[in-house]
Amino acid sequence: MISTFANPLKFMNATRWVGPVLLGLAVITLGVGIYIGLFIAPADYRQGDAARIMFIHVPAAMMCMGVYSFMVSASISSLIWKHALADIAGKSAAPIGTVFTAICLITGSLWGKPIWDTWWEWDARLTSVLILFFLYLGYMAIWSAFETQQKAARAAAILCMVGAVNIPIIKWSVEWWTTLHQKASIRLADDWREKLSKPSEIIHSELPEPFLSPLLTVLVGYGLLFGALVIMNMRAEIYARRAEVLIQRRYAEEDED
Amino acid sequence: MQKQNMAEGVLLPLFFRELKLAWSGGGGAALPVGFYAGAATLTPLALGPATDLLQAAGPGVLFISLALASLLPMERLFQADLEDGTLDVLASSGASMTGIALSKTLAHWMASGLPLALVAPLLWVMLQGPGEAVLIVLGISLLGGLAFFFIGSIGAALTAGVRRGGLLIALVALPLYAPATIFGASALYAAAEGRDWTGSMALCGACALVAIALGPFASGAALKTALD
Amino acid sequence: MVNLLNVSKISASRGYRTLFRDLSFSASTGDILELRGENGSGKSTLLRILAGLTRAESGSLKYEIEGDVSSLKFPVHFLGHQDGIKAQESVEDQMIFWARFFQADKAEIRPALERVGLWKRRDVPGRGLSAGQRRRLSLARLLITYRPIWLLDEPLAALDVKGQEIVKELIAKHTSEGGVVVAAMHGHGFENAKVIEVKPFSKKIKTIPTNSLENA
Amino acid sequence: MQKQNMAEGVLLPLFFRELKLAWSGGGGAALPVGFYAGAATLTPLALGPATDLLQAAGPGVLFISLALASLLPMERLFQADLEDGTLDVLASSGASMTGIALSKTLAHWMASGLPLALVAPLLWVMLQGPGEAVLIVLGISLLGGLAFFFIGSIGAALTAGVRRGGLLIALVALPLYAPATIFGASALYAAAEGRDWTGSMALCGACALVAIALGPFASGAALKTALD
Amino acid sequence: MVNLLNVSKISASRGYRTLFRDLSFSASTGDILELRGENGSGKSTLLRILAGLTRAESGSLKYEIEGDVSSLKFPVHFLGHQDGIKAQESVEDQMIFWARFFQADKAEIRPALERVGLWKRRDVPGRGLSAGQRRRLSLARLLITYRPIWLLDEPLAALDVKGQEIVKELIAKHTSEGGVVVAAMHGHGFENAKVIEVKPFSKKIKTIPTNSLENA
């Protein structure tokens, strides 16, 4: 398994079909989850249909942090083992994470208008997610600013690791500062280790069951989508670098004529 | 042949030289101070002379100006040495990059961060802040400046020798400035309104500590890349 | 005789171009190595690799120094195209900084500046120095503290006839004391120097860096 | 041998090249924009989220940030060309220094002043300014930016190649910024509160005109001195 | 033969030091003048005075050009130590700018770059150029548009043997077409060149600049 991800050749062979397959699964899961969320789940008794935006917003919010954490681990392995695939994984994940963050911000604003009567508030959680968005942008900007891939990879990895301090801030901002945004209601149950045999009870939620299951379905769908897109991005990047090596050869030959 | 003790051999001479160069020109230590003072002087002109608005906006404006002024010297922090070859000599001498980054950042903080903090009480009074709080303002500005300089130096090192360095520094560093800005400004407001400012100030100090502890390592690693 | 410097099979490329491949050489006490090649062939790049500033694409590089230099990660003096002279600092102040940085005795400054003919100009700020004087100041930096290996990029450039004589004498003295000099050169070289040709790799060899993704 | 027509021969190519360099890196055109946006983003963090305070302070903060952001590119406006020898070649070709100063300043205004004006309406809305006024904000920012850039370029030329250039620019330019700041900010406040903004805006425009008319001559003369 | 350039009795000083006093010379079509002197003697300063960049302390300087160049205030090409190369711009783009600036034909760019051997590197950004390549790029700038007087500061520095050959040929061609070349030089010079020694003035003469307050 490890060697599959350490060797570009094996990676390319192993993932030829993984991308499309994951993509198909993601479309199905997302379709089901969103359908249940928008049409089958009951309307919230206080917020009405506005609450349905939750099924997009909450999983996207979870994903934007998850993707960043993925990039942090890619950066660590890139700096320690100096492996090209780890660089490529981080680089490929960034745009996807940016989009999840944007979805979280946009759906949050849309939701905020009816509930808080404002599109935007300088609340701790909202602000820290905005900062995450800027961090994603900075990460991608660093990648494009350097002339050589190796340099860019190292600089981007350093930035990614420094930015990691923002993740716990997002996660716990609602606990540390009493603000507008609501606190976490979905988390691992305190005694989740003992419940491993009963998967349905690992997750402790204050949300009623009809809200929870579509939400988790969309989350799984997002996860599959992320997996599919990362793998496809990585393959594209590897092809692009191969093309670069071919150009290099051309230049070398032209020089000698 | 002498033995090279890294702590003394690199840190101190580099620190003192940076300090001297920053003031004797080129290093641009004075720009932030002029900028900070300018910002605070223009504020009453732009906001109008109404005292209550000034009092309400003053602490916030002061702290933002501090953050932005601290960002200014960052563009040239490592770039000048990179361009003129000084960094080549420093690095090929076997000195640790972390040490180089640390002494340069500290020297620049001494050269511009300290003066920034020292003029802060003055500007505070100009912006109609209560006179009793000047010492607290000084303390908060010291801590905030440390955080801003050490965070900024990461951005500076990451973007040294890169096209479009300027925007990149702002893009990379400003998001990381946010926590220190929030805590610092809220401590200033608390001081202005006579509330308890210790909690926010402690958090601002924590930001500074984290920045000092992590910054030089990140900057050093980034500088190695820039030389390559 | 000891091999102070062992370079084996290093390669470098820039942009899309491979500059040199699998270059190997070694130097033992007293050697002068002259790097020679056309403009843009990669001499400066090679020197930067030797100085530990740039990473080689592949290959290995080893310094073997005896004695009390174990705490020096890099036992070299590097003199590049860029000379690291600060415009606003006087000649003497710049030397004082380097003396402190290299933990040398301050008393070394005067003889070093006298040797390169700058003592009388010690008050001139960096921006006032002529091209040759800048070069001389960089050379003076090498004299305040001993390091066994000197990496010099076109040490004779911009110098007048007397200045070139001085450099030749300095190099002769350094090697006679057991040091090694690696110098990128055009035109007339040094006596008793070994020449290393830095050439673009031949067409026959294909450009496949070992860690390339192309193998995938 | 062609005849060198100064208007075309110097102004246009130099203008376009500066514009390109400013964006493709080094020129630092992007720093002011990032800085401006950063300043406006940090403002609510520092002032706290209270909408009425933001609305009261917003226009003033916006205009000061514009003035300060315009000051940023000034330090390197002529210094880079002076240091790398480009100015030597330009000057020894017989081109007029006034023309050189004019095209460089105009190019930098296009590269950073225009984007600054374009993001101003966005930041205006973020700082809770009334949406109807965005076009007025754009206009005032355009005029203010022109004034700031052309006044700043005098400071830049005077201090190019001088020790402690940074502080000097701030010292020379900021006092001259005061009239444009006062008129521009008061026009913004008028627009925010629905009062008549035309008078202040006209005065701000007058500042810009004077700056454009006099700036290049002063800068050109100062540059000649810097080369010597 | 026409005198293109007349220099009479110019002096220059820097800091507290007089570099040269009352230097006079002239150049007519086809002349090569070599400025020679020690490091720091004032060759670069003299060239900057000739280029109109620096003011001489005293003395006069006159260009007498015939023909269609009356609108050129300074009919010179200046090539200094500083080469005015932008790090982020490619070789070709820099040439395009200079071609437009000097109102030359863009078609001149390719031959000029080919002449100095940089056409194949036209895509390399300024920061990627080697020392010799930078010099070659500066030389290419002189070739895109004709100006009768070339002021060159150490034109052979950093060039490899082939590059030095090229410069010598370019200079021979320029003078054979009626141009004048003034070049600061160390080491081997050009054929048929007139040598002008730039020397610190003799110790006997006291340094009292004519416009000095000391006379007051």
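The first chain written gets the first letter, and so on, giving A, B, C, D and E; residue counts start at 1 in each chain.
Rule of thumb we're sticking to: a contact is a pair of C-beta atoms (placed from the backbone, for glycine too) under 8 Å apart; a residue touches a chain by one contact, two chains touch by 3 or more.
Values in this document were obtained by computation on a predicted structure and should not be read as measured data.
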item: Chain pair showing more contacts of the two, D-E and A-B; value: D-E
item: Most remote chain, CA-based centroid, reference being subunit A; value: E
item: Centroid spacing, where centroids are CA-atom means, of subunit A and subunit D in whole angstrom; value: 39
item: Rounded Å distance, subunit A centre to subunit B centre (Cα mean); value: 32
item: Approximate Å spacing (C-alpha centroids) for the pair subunit B, subunit D; value: 24
item: Euclidean distance of C-alpha centroids - subunit A vs subunit E, Å; value: 59
item: Subunit E: positions in contact with at least two other chains; value: 81, 88
item: Where subunit A touches two or more other chains at once, by residue number; value: 127, 147, 255
item: Set of subunit B residues in contact with two or more other chains; value: 24-26, 162-165, 167, 171, 174, 178, 182, 228
item: Of subunit C, residues touching subunit B in the complex; value: 48, 51-55, 67-69, 71-78, 80-89, 97-98, 100-104, 141, 145-146, 151
item: Residue ranges of subunit D touching subunit E (in the complex, touch as defined); value: 1-5, 8-10, 12-14, 17, 20-21, 24-26, 81, 83-95, 227-228
item: Residues of subunit C touching subunit E in the complex; value: 14-15, 37-41, 43-44, 81, 117, 121, 123-124, 128-133, 135-136, 153-154, 157-164, 186-187
item: Sites on subunit B touched by subunit D in the complex; value: 23-26, 28-31, 33-35, 37-39, 41-43, 45-48, 53, 56-57, 59-61, 63-64, 67-68, 71-72, 75, 162-167, 169-171, 174, 177-178, 181-182, 184-186, 189
item: Contact set on subunit B toward subunit A in their complex; value: 154, 158-159, 162-165, 167-168, 171-172, 174-176, 178-179, 182, 210, 214, 218, 221-222, 225-226, 228
